[in-house]
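Next come two complexes built around chain A: one with chain B, the other with chain C.
What follows is the complex of A and B.
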């Protein structure tokens, strides 16, 4: 486990070093793609004048709310659609259709419906987080072994006890895998949403820096958005390991 | 020891399962009465509806025809009065052994200290006292089955329904488990319905052996096992054992329309006794 982590971290270091050396030796034009050292300087500059905190706050606020609502709705609807056959049969094809629409393609519709404020950006993150969580919960609940449900029933469990002691923990590895997918899809949707009509936010600043040809800030923020995703992913993996130690995802 | 009062009654029971290829009749016109305190083994070839009988009694399924009555109640829903032990233990992998065992008590609102005491008592009885904090996948097959049994016993069910509980264990562990079960039940016999395809297992455990035909299952033999308890491996040499065993085998393989080569090897005489 420790060995795996060291190797994983080493790969990051190697890439940074190669990039840095390539820029320093002018293997390519570093003005177009500044090396990490320049990106960090740019980030420090933006941190000093408060822009960085402002952007992070704006993005994480939208992302946190959208991710939370989307995932919770995904789990709830996943539970209902898997247990109530009629509802499941009715909405499954519809959801598969809707979830295959790229969230970027929805942005014009979202702007028309919600305007260019934060509401629309949150809505698109909700959309992007809902479907992976729904799908995994739906599949996970269907994979619950009938034997486990019957065992609980013959030990005296009511339907509510079965839901909380059998269905939920049994599908938890699936649910957490869905949440893990939602981290990436939600961030993708956030970036797309901030491209249009934002005045702060990580992705907004990437595009603004691009337009102003501040390539050092552009790269810095791009690296930052990856770091946000990585941290969120590590948190979900840590939660999985703690809540569902028997699951493959945690191994 | 056995009083003749009826605990479970199946009358004219037929069970059909819907399939794309047409309904599959698993049981047809089955009449069966189970008596209080009796250890009844249901023997039969694969697909003869043995497990279906247990599922009917447990309330997991309802009969297509006829009636299932348990303690005077018609087609009762699943409940803790009928403990069910599955072929593959059915332990919850997300709970520790202690949490698995205490499940029935927990959902009934039994206080924590009482639960702990009960779990320790029953875990001690099944020899799992040192494994309460382990997860099910960390235990051996025999220990998993004992944990599954402990989880059911802690609920103090009137009736035990056991579906080939030892068939996935190796021969030695399975025999240890049979002896263990017999010892466990000796002081206060419960009404047990035990499904198996192992003739020797049935004769070792049962007060009464019921043999089912191939699908749709009917009762073709209903015999009491007149062997003194506690039983040991030595019963295999007793005359009444051998007589009953050959009677069962004659019904299994001696029937007119029995297939010449039975693909169901589960019912071949087990030659190696270890």
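What follows is the complex of A and C.
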């Protein structure tokens, strides 16, 4: 485990060093893609004047609410569609169709339905987090072996007990894998959502910095999105390790 | 014959991979920047955004005016001027054109680029309002106003507010990153006014013909600017002159054949004929380096440094290279650039 972490950290360091050297030797135009050192200086500057905290707060708020609602809805709907065959058969093709629509393509519809406030941005994140969680829950629940369910029922377990003590634990590795996928898809969606009139937010600031030629801030915020995703992923892996230590994600 | 161990083979493979990577990096370093061409017909890539203001570029290309000058120009079209500018700064293009604001920002960030001409003076940056809530400047107080940050219409917004004695705190400025999204928000009524360029103002007012209007622009006119990298320009003065000659021919063609020119622009940009007929007068095609450009660059640079908070007085010395224009048509160079 320690060796894996050292190798993983070394890969990061190597990429950062190559990037820094390539920019310093002007292998490409460093104003278009500033090196990590410039990005860090820009983030320090934005942290000092309060912009960073404001953007981070705005984005994490939208992302947190959207991610939470999307994942919870995904698990709930995944449970229903996997157990009630008629509903499952009815919505499965529709959901497979809908889940392939890119978040950015939803912007016109979201503006019509939710306007340019935070509601629309959250709605796009909900959309993006719902489908991976739904699909994995749906597949996980369908993979539960019928003899486990029958055994519990023969011992007098109620449907609620079967749901919480057989179906949920058995499909947990799938659900958590879906949640893990939703971390990334939710962030893609957040970037699309913050294209809709915003005055703060990580993705908004990336687009704005690009237009204003503040490319050091643009790269800083891009790296920050990666860091947010990494932290969120580590949290989900930690939860997975605790709740489902037998799953692949935990290993 | 001694047999090689797996470890030895791995080491050799690793060394080979590292050597190949080093060679690739060295090749990249050698090939950038590109070496000057010595062939009689210079071949260049021109990065151009999809805008009516770039009409002279589409016309010069379609009518073969640059070919006549011995220049092989490959037009590369971009959705925005900012992306076209990236192509120039990344040395993927030798020349590009865009309204003055994005390259001015790049130049103020230390990018070594030069204006060699402007080809269109335009009044496309406009204020479009919902007439049911705004009929005079005083109605702006407390209203939501959309803008696309960093563009010349964003600059126009600040000029307009200042001229009408309205501070930015008295209105709710809603920044957008995509003009199309801003138009949709305007049409839906999420914002009460927007500062945009064409054809976005036209699109908005066509969708709300009885509820919206674009107010005429008197405070500001933009310049569609022809930009080159300074290092390329220093070794390719002749190519710059050939580009300008092609534009001068395009200017004459547009004056003589407006209908045909509109058809060329329609084909290049996708802006429909009805919109072009309505907007054509907003664009005055004139190849020059006039004193108006000098004044616009000075005013915008002052605004950029003020809004960026850098506070440093901009030094615009050397942003414009009038040499090629002087060689082609000295009468088109303003006294500020003599």
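Rule of thumb we're sticking to: the second predicted complex is superposed on the first by the 251 of 251 C-alpha atoms of A that agree within 3 Å, B and C clash if a C-alpha of one lies under 4 Å from a C-alpha of the other, contacts with A are read in each partner's own complex, and residues count from 1 in each chain.
Criterion: contacts are C-beta pairs under 8 Å (C-beta built on N, C-alpha and C of every residue); 3 or more make two chains touch, one makes a residue touch a chain.
This structure is a prediction, so every number in the text was calculated from the model and none was measured.
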| item | value |
| --- | --- |
| Overlay on chain A: chain C relative to chain B, clash or fit | fit |
| Partner chain in contact with A:51 - chain B first, chain C second, else both or neither | neither |
| First, second, both or neither for A:27, with chain B first and chain C second | second |
| First (chain B), second (chain C), both or neither touched by A:198 | second |
| Touching partner for A:241 - first (chain B), second (chain C), both, neither | neither |
| First (chain B), second (chain C), both or neither touched by A:152 | first |
| Which of chain B and chain C A:211 touches, first, second, both or neither | second |
| Chain C versus chain B, contacts on chain A by residue | C |
| Cα-centre angle that chain B and chain C span when viewed from chain A, reported as a multiple of 10 degrees | 150 |
| Contacts of A:161 with chain B and chain C, given as first, second, both or neither | first |
| Overlay on shared chain A, then closest C-alpha pair between chain B and chain C (Å) | 36 |
| Footprint overlap on chain A, comparing chain B with chain C | none |
| Partner chain A, residues of chain C touching it in the complex | 25, 28-29, 32, 82, 86, 89-91, 102, 105-106, 108-111, 146, 148-151, 173-178, 181-182, 184-185, 188, 190-191, 308 |
| Chain A - residues contacting chain C, complex | 25, 27-29, 31-32, 107-108, 111-112, 115-116, 194-199, 204, 207-208, 210-215 |
| Residues of chain B that touch chain A when the two form their complex | 58-60, 77-80, 82-84, 86, 88, 90, 92-95, 103-104, 107-108, 135, 137, 151-152, 155, 161 |
| Of chain A, residues touching chain B in the complex | 145, 147-148, 150-158, 161, 165-166, 169-170, 172, 244-246 |
